[in-house]
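These notes open a run of structures that come right after.
First chain A sits with chain B, and in the next complex the same chain sits with chain C.
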Partner chain A sequence: MNYQLDFTPVIDGLPNLLLGCLGTFLLAVCGMLLAIVIGIGGVILRTSKIKAARWAMIGFVELIRNTPFLVQIFFLYFALPLAGLRLDPTPTAIIALGINGGAYAIEIIRGGVQSISKGQIEAGLALGLHRAQVFRFIVLKPALRAIFPSLTSQFVLLTLSTSIASAISAYELTSVSQRIESESFRSFEVYFTVTAFYLVISWLMMRLFGLFSSRYFAYPVK
Partner chain B sequence: MGKDEFVFLLVGLKWTVVLSAVGFVCGCLGGLAVALARTSDIKVLNKATAAYIGVFQGTPLLMQLFVVYYGLALVGFKIDAWIAVAIGLTLHASAYLGEIWRGSIEAVPRGQTEAAKALSLKYASRMRDVILPQALRISLPATIGFLVQLIKGTSLASIVGFTELTRAGNMISNQIFQPLTVFAIVGLLYFLMCCPLTIFGAHLERRFAASTR
Partner chain C sequence: MTYSSDAQADTMITLDHVEKWYGAFKALHDISMSVRQGEKIVLCGPSGSGKSTLIRCINYLEPHQKGEIRVDGILLGHQAKAIDAIRREVGMVFQQFNLFPHLTVLENCMLAPMRALGLSKAAAEDRARGLLERVKIAEQAAKYPAQLSGGQQQRVAIARALCMQPKVMLFDEPTSALDPEMVKEVLDTMIGLAEDGMTMICVTHEMGFARQVADRVIFMAEGAIVEQAPPAEFFSNPRHERTRKFLGEILNH
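What follows is the complex of A and B.
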C-alpha cells in the first residue's frame, strides 16, 4: 500500500462544503416543516369519520413506509413535471422529504393524540378551564411531550436522508462533495470528511432538540 | 415495457434480496457482538461500542457505503462492488441491531440476571439460556422493522454503482423513456417485499402488548 492521503482538495473545497452543509440544513428544516403539516393533516383524515379518508391515509402511510426514499424521489422527480409542476431539483427534494417524513409523522402524532385519555379532558373542564386552555395544557402539550422523542429521532433520520437527494442533484452536502470528488479523484478523503460533517450536523440537531425538550417539557409527570 | 425489461428488473430484484439477506445475517452476528459488548461490565468495550453506534446512527447510510467502498479500495482490497456494499450494509446493520438489542437486553427484568447468578450460572449460560431468549422476544418487532429499513437501504447501492433493483429500474427507464411506469413497478416490487414484513412486525407487536398487559 503506497497511497498517500491528500486532503488538499477537501481544504480547498471547504467553503463550498460549508455552503453544502447550509443546503442540507435548509433542505432538512423545510422537509420537517412540510412533514409536520402533512402529519397533522394526515392525522385529522386518519381519525375522521369518513371511511374513505381513513383508508386513503392508511394506504398512503404504508405505501411510503414500505418503499425506498430513493425510488420515491425518482418517481416524484418525473411525476411532478407531468402534473404540470416544473420545479428545480431542490424544491422537488423538499416535497419528497416532506411526503416521506409526513407518512412517519402521521403514525407518531396519532399515537400522541390517542395517549390523552378522555377523562383528562373532562377533568380539566370540571376544574373550570376554558376549552382553549384544556386544548393547550391538557391535550397539546402532553401529547407533544409524549411524541417528542420519537418525532425528533425521525427528524434526525430525515436529515440524514437528505443525502439521497443528491441522486436528483438537489443542492446539499452530498452533491457538493460528489462534485469535488469528481474533480479531484480523492474519493476517500472527501467522503470521510463529509461523513464527519454529517455526524456534527446530526449531533447538533439532537442537542438542539434536547435543549428544547428540557426547556419546554421540564415539568414533573406525577 | 416488454417482457425482457421486466426480466431485467427481476434480476435486479434478485440482487436486492441477496444484499438484504447478506447484510441482515452478517448484521445479526455483528449486532449480537455489539449488544453484548454494549451491556458488558468492561468499560472500554462499553465506550467503544457506544461510539460505534453513535457514528453509524449519526451519518447517512449513503456516506457509509461511499467510505467503505473507497476505503477498502484504498487499503488495497480489490473486491467486487457488491461485496463492498454488503460490508457497508453489515457495519450499518450491526450498529442499529446492536442498539435495538441492547435496549431489549436491558428490558429483561433485573431479577432474571440475579436469579441466574444465584443459581451460579456462568456468563455464557446466563446470556444464552436466560437473558437472550427473553430479549429476542422483546426485540422481534423492532428487529423486523429494521429489516424493512435495510431492504429499502439496499437501494442506495445503486448510487455506488451496483446494479440492484433501483439501478436496474434506472437503466430501463433511460432505455424506454417511461420513468413513471418503471419506477411505479420498482416501487411495487419493494412494497411487495416490505409490506408483509411490516404487517408481521405489527402483528407481533400487538400480540406482545396483549401478553404483557
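What follows is the complex of A and C.
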C-alpha cells in the first residue's frame, strides 16, 4: 500500500461541497415540513369516521413502507411527467422525501394520539369544542411531545435519505461529491470528507430538534 | 314534595324513559327524572350502578339508545346541532380533573370561551380571571396543571367549566381522586356554587355534602333509580332494603 492521500481536489471543491451541504439541508427541511403536513393530515384521515379514508391511509402507509425509497423516487421522477407534471429533480426529491417521511410519520404520530387519555378528549367535548378543535388545541401538542424522540430519529433518517436523491441528480451533497470524484478519481478523500459532512448535518438536525422540543414542549408534566 | 315529569316552566333537565346499552349489557333501565332550575341533586349508589353513565348521557358523552333527554327545552337528539347547543349549556367536572397539561391555568379557562363561543382574547381572559378569583386560585393563573395540587386542579376545572357560563353543572365524583385533606376545598367551592343558585347534579359519596346542599338525593342500583327523597328523609328513613344496605356500608366505615 503506497497510496498517497491527496485532498487537493476536495479542498478545491470545498465551495461546491458546502453548497451541496446547504442543498442537502434544504432538501431535508422541506421534505420534513411536507412530511409533517402529510403525517398530521394522514392521522386525521387514519382516525376519521369515514371508512374509505381510513383504508386509503392504511394502503398508503403499507405501500410506502414496503417499497424501496430509491424506487419511489424513480417512480415519481418518471411517472409524474406521464401525468403531465414536469418537475425539476430537486422539487421531485422534496415531494418524494415528504411522501416517504409522511408515511412513517403517520404511524408515529398515530401512536402519540392514541397515548392521549380519553378524559382529555371528553373534557374538550364537554366544553363545547368540536372534534377538529379538540384535535388541534388539546390532543396534538401532547401527542407530538409523547412521540417526539421517535419523530426526531425518523427525521434524521430522512435527512440521510436525501443522498438517494442523487440518483435523479437533485442538488445535494452526494451528487456534488460524485461529480468531484468522477473528475479527480480521489474516491477515498472525497467520501471521507462527505461522511464527515453528513455526520455534522445529522448532529445539527438533532440539535435543532432538541432546541425546538425544549422550547415548544416546555410545559411540566407529572 | 312531588317530582312530576310533566314539563314545567322551571324545568331544566328532563329524562323520559331513557335506556342505554353497552352492546348486550343494559347500563340504564328506563330512567325518568326531571330537575328544576336551581335544584341540587346528589346521585349516589354502588359502583357500576350507572350514575356516571347517567350524567354522561346528559351532555352526550355517552349516547343513549331509547327515550328522550331535554336540557333547557332542547331535545338531545343525535344530531350535532342539539349536542353542541346542550354542551354549551352544561358544564362538567371529572373525577380525574382532565385539565389540559400543555396550557396554563388561565389558558385552560380561556380555550373554550374563545373557540366555542367566539369570545375575544381579552373578554375570555377577563372572564377566566374573574372565575379563578371565585374559586380562590387567581394567583396560580400562570402555572401549568402539573404544578398544582389535586384540590387546586379540581378547582381550576370547576372554573374552566364555569367560564362557559353554563346553566347546569354536572359533577362526576369530583372528590374521589383527591387526597383527604383536599376534599374540603373542592366541596366548599361546590357549596358556594350551590348557594349562588346553580343547577347541579353531583355524583358523589360525600354524604355530608348531600345533607348540606342537596334538595334531593337519588339512589341508583344496577342502572335503575331505586329511590329518591330530600336528604333528611333519605338518610333517616330509607324505604328500600338496597338503600339501607348501601347507606350502612358508606356511613359506618
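Here is the rule we go by: the second predicted complex is superposed on the first by the 201 of 222 C-alpha atoms of A that agree within 3 Å, B and C clash if a C-alpha of one lies under 4 Å from a C-alpha of the other, contacts with A are read in each partner's own complex, and residues count from 1 in each chain.
The working rule: a residue touches a chain if its C-beta (ideal position, glycine included) is under 8 Å from a C-beta of that chain, and two chains touch if they have at least 3 such contacts.
Keep in mind it's a predicted model, so treat the numbers as computed, not measured.
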Ask   = Now for A:Leu87: first (chain B), second (chain C), both, or neither, which partner does it touch?
value = neither
Touched partner set for A:Arg65, first chain B, second chain C, both or neither = first
Chain B or chain C, by number of chain A residues touched = B
Task = For A:Pro220, decide between first (touching chain B), second (touching chain C), both and neither.
result = second
Message = A:Leu199 in the overlay: touching chain B, chain C, both, or neither? Say first, second, both or neither.
response = first
Task = Quick one: classify A:Thr174 as touching chain B (first), chain C (second), both or neither.
result = first
Inquiry  = Per the contact definition in the header, classify A:Ile44: touching chain B only (first), chain C only (second), both, or neither.
reply    = neither
Task = Please name which positions on chain C make contact with chain A in the complex.
result = 59, 61, 84, 87-88, 90-92, 94, 96, 98-103, 111-112, 115-117, 144, 146-147, 157, 160-161, 164
Ask   = Quick one: in the complex, what on chain A touches chain C?
value = 117, 119-120, 122-130, 133, 137-138, 141-142, 145, 217, 219-222
Key: Footprint of chain B on chain A - complex, ascending   = 1, 3, 62-63, 65-72, 74-75, 78-79, 82, 156, 160-164, 166-167, 174, 187-188, 191-192, 194-195, 198-199, 202-203
Query = Okay, in this complex, where on chain B does chain A touch?
reply = 55, 58-64, 66-67, 70-71, 73-76, 148, 152-153, 155-156, 158-159, 166, 169-170, 173, 179-180, 183-184, 186-187, 190-191, 194-195, 198
